[in-house]
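Next up, some structures in structure tokens.
Across the two complexes that follow, subunit A remains constant while its partner is subunit B and subsequently subunit C.
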Partner chain A sequence: MRAVRYIAINVFRESVRDRVPYNLVLFAMLLIGASYLLGQLTAGQDVKIIKDLGLAAISVFGLFIAIFIGIGLVSKEVERRSIYALLAKPISRPQFIAGKYAGLTLTLLVNVAVMTAALYAVLAYMTWVTPAHIKAGWEAPGVDPVLLKATLLIFVELMIVTAVALFFSTFSSPILSAALTFALYVAGQFNTDLKNFDQVVESKAAVWLARGLYHLLPDLSAFDVKLQVVHGLPVPAGYLAATAGYGALYIAALLIAATLIFSRRDFK
Partner chain B sequence: MIQGIAAGLCLVLAVSLQMMRDRVWPRETAAVEQLLYVRSPEAMKRLALGFDALAADVYWIRAIQHYGGERLKAGGAGKYELLHPLLDITTSLDPYFNIAYRFGAIFLSEKPPGGPGRPDQAVALLRKGIAAQPGNWQYYHDIAFVHYWSIGDAVAAADWFRRAAAQPGSPNWLLPVAAAMLTRGNDRASARFLWQQMLQSDQEWLRKNAERSLAQLDALDRIDGLNQLITAMGKPGGQPYSWEALVRAGRLRRIPLDPSGTPFEIDPVTGRARLSTASRLFPLPLSMGRE
Partner chain C sequence: MPAIHIEELTKEYAVGFWRPRPYRALDRLTLAIDSGEVFGFLGPNGAGKTTTLKLLMQLIFPTSGRAEILGRPIGDVATRRRIGYLPENPSFYDYLTAEELLTYFAQLLDVPARDRKRRVSDLLDTVGLGRERRFQLRKFSKGMIQRVGIAQALLNEPEVIFLDEPMSGLDPLGRRDVRALILDLRDQGRTVFFSSHILADAEALCSRVAVVAAGRLVATGRLNELAEFRIRGWELVVANLSPAALESLRPAATRAIEIGSGRYTIELPLSETPEQVLPAIAAAGASVVSLNPLRETLEDFFVQRIAEAGARTRGDAVAGGHAGR
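Up next, the complex of A and B:
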């Protein structure tokens, strides 16, 4: 467990050295700029749009971090040949994979937490400056704790993407890993279409193939509750728990597979 | 240091060149404004990759800019061709975008040059809103308004006001509005039915409003009866029309009174009966009642 913790802390430090936290400054500037500009462009929908923009930015920034750092987690060590020094130490290969994953998850957690705090700060300011009669027409409060439900599921979704990136990183090149991870991310967004394939084709085999793919590919569209929380629509706690639980199990499956592949790799 | 100055200089030169180019060869922006790359809401929903709400915001901003831009065109030249597709995509990406349905319907139903004058599209957009949120009374209310203001169909408007009133959480003034619309649409039987229902209300202002409106409907019926009587009598030879002449001729027992007890007036030239401006029922909801 100590080995995993050390590796995780080092991955986090490396991401700080790689100037990953710069995206937080960019995020804050984006939100502050948007809060001013949107007031000029929209018909009284600025708070809704700031919420949409904030949640989308948390998701996109996290996605870039998950993919572009995730794909280099293993391959960079192999390229730099530092893997030899690492594996010579009393660190098992599963510990190495778990530590790398935990480190990037910690980076994502800090990013998502800071971006969420920045979003709330902007929303608090907007709520403060908006007259009461306009606020009365809002579908949901400006500083709405329900937004945390969306950020929680975004974080779990990013954890899945990180696990996918790490999985590909154990056996392919960084460019190929990035392409495959992004392709899986896109496919994951269309997963519901695969589930409903029987509505558009007659062939039983095609329907079963689509159903199989639906279960095999990450069901990322289920993690998107941004629209519901922005409009103040209910997101049941059971749904959150079931989706987060699905995410945890899918991540576990990916990490076990990644460990399996990485354990068999020969670095000679 | 030198590299920094050189980089800054290059940037300044690039910006100067850009400004000069835009001055000498101004680019046509109108063509860009009129472009909608993806017209299919379903395709756009897929392209949004889970960022549907944000994409809806972008399309909503485009819809507002398009509407404003077309409206400001000189000489009422605005065509608003992209307004409906933009609103359709916006509401497909975010089916709960309340303002997009409500403001969008206003934009679409505005008559030229203030809008495209397409109340049919406005109603279709609001019906789409009802499909997404069947219990939202505001959409039914807005359809009623489109029918009343843009199409001029008071009876259809009353029907939609009545549907709005049937939705959960709707305000209690919707039913009186529906009844008033029916009266304006001259559907007195339906209007009377609705007003009689409101006589049972536990709110005094609604009951008083219903009592007054029922009395106005009675006044309208009496005016119709009087006009029929006057028409049947024909014009008195060389004399102006008057109640006294009708009473003398034995057609009326006395000068007719409205339900509030105020005498009706008669136009001495046309012979049309009308409500007195002194009556507490004045003005009647129908212009024909004042003729």
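Up next, the complex of A and C:
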């Protein structure tokens, strides 16, 4: 377990020294600031726009971090040959995969936390400067703790994307891994359509294929509760737990597959 | 119990994309290395040296055969606490400083926290990087990275140390330091297994060597046994030798080279013993300055055995080709 922790800390340190996450956090903050300015132009709707754009920014910038760092987690180690000295230490290959994954998850957690804090800061400012009669028309409070439900699911979704990127990174090149991860992310957003495919086609083979893909691909649309939290609609705790549980199972399956592939790999 | 035991270790790679065929990078290697030995693993580029070391480190997996380090199978992760490994042309995380890298590896090696700082510091001093300890590795030259690689291989005070081309990228001063370091490790009772194609290093350091070529073991033994493997003649240095006396020696000599001022180096074949020639030299009024056996050097041995192995491999290929037709 200690080995996993040390590897994870090193991944986190690498991403901190890599300037990309800083830039992404900065960009996210700029976007949240911009959404605030946009909100000034739309009386009464401003807080909703801020929440909507803020959550979208957290999701998109987190996605960039998950993909672009995730695809290099293993392949960079192999390309620069640093893996030779590392794997000669008393660590198993499953520990290596677990450490790499935990390290990037930690990076994402810090990034999502910083972006969420920035969003709450903007919302707190909005609440403070908005007159009471306008606030009375809001569907949900400005500084709404329910937003955390949305950011939690965004974080679990990013953990799935990281696991997908890591999985591809164990056997393919960084460019191919990025393309495949992004493709899977997009497909995952429309996965629910595959479930209802039997309502639009008659071919049994097509329906079975769609069903198979539905179960194989991650159902990422389930993790998007932005609309509900922005409009003050309920997000039940049961739904939150079930979706997070589904995410955990999908991540476990991907990490097991990545470990199986990586454990058999020759480093020529 | 040998420190390293290798039995019939074989590695094949599939080459070719559409119709992959097996390429044997290592062919039934069998070796035993005793504790406390400095063992040289010699061979030209592509002979199978790095393949062997990667197999021992489980960076690649054998097609067949087995190996043990310190009595444990090579797949045993816990044994890696007792061994050190320097990869060929090592590369590390360029965003870390030398000190951070060694601390990270010391953590993975379970070096106790109370010893970690001191050991990292001492090792960086030992490899001559004390002043550069807080520089990021991206600023390091190839030779400095090699020194970092040697330091990380020694962090856990290993019982067995595997060094893949340890002198690679080092300047003469660095090579001298590494030689001294290997001899120190030997004096501490540690086992050193190092691969090299630089024979002078093997001659200076090794108690025993193995020579590999084209994936096969072609010779193994104590260095002095290999060096004495064949005395191919005698070398006489003679002074005050008259031209007439020289002419009388020519039929027996394989070579006669004038050094200057009546001095000559005369090489005699093994069939002409010095006892047969020396009376004639004395009778001609010349004096013998030195008499030495002409030994086959390790370099001669190396070149000859590799040429033989190459011819054998070509022969096998031709025979295989005929058999296939």
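Definition applied: the second predicted complex is superposed on the first by the 252 of 268 C-alpha atoms of A that agree within 3 Å, B and C clash if a C-alpha of one lies under 4 Å from a C-alpha of the other, contacts with A are read in each partner's own complex, and residues count from 1 in each chain.
Criterion: a contact is a pair of C-beta atoms (placed from the backbone, for glycine too) under 8 Å apart; a residue touches a chain by one contact, two chains touch by 3 or more.
No experiment lies behind these values; they were computed from the predicted model shown.
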For this session: Please tell me, clash or fit, for subunit B and subunit C sharing subunit A in the overlay.
Result: fit
For this session: Using the touch definition from the top, say if A:Ala136 reaches subunit B (first), subunit C (second), both or neither.
Result: neither
For this session: Please indicate which partner A:Met1 is in contact with in the superposed arrangement: first for subunit B, second for subunit C, both, or neither.
Result: neither
Exercise. Just subunit B (first), just subunit C (second), both, or neither: which does A:Asp18 touch?
Worked result: second
Problem set entry | Which of subunit B and subunit C A:Ala237 touches, first, second, both or neither | neither
Problem set entry | Superposition-derived angle with apex at the Cα centre of subunit A and sides reaching subunit B and subunit C, degrees in steps of 10 | 160
Problem set entry | Touching partner for A:Ala205 - first (subunit B), second (subunit C), both, neither | neither
Seminar exercise, completed: After superposing the two complexes, the shortest C-alpha distance between subunit B and subunit C, in Å, is 23
Exercise. So which bits of subunit A does subunit B touch that subunit C touches too?
Worked result: none
Problem set entry | subunit B residues within the subunit A interface of the complex | 46, 49-54, 56-57, 60-61, 64-65, 94, 96, 98-99, 103
Problem set entry | For the subunit A and subunit C complex, residues of the former touching the latter | 2-3, 6-7, 10, 13-14, 17-18, 80-92, 264, 266-268
Exercise. Which of the residues in subunit C end up touching subunit A in this complex?
Worked result: 13, 54, 57-61, 77-81, 83, 85-87, 89-96, 104-105, 107-110, 149, 152-153
Exercise. Contact residues on subunit A for subunit B in the complex?
Worked result: 41-45, 48-49, 52-53, 55-56, 59-60, 139, 186, 189-190, 220-221, 224, 226-227, 230-231, 233
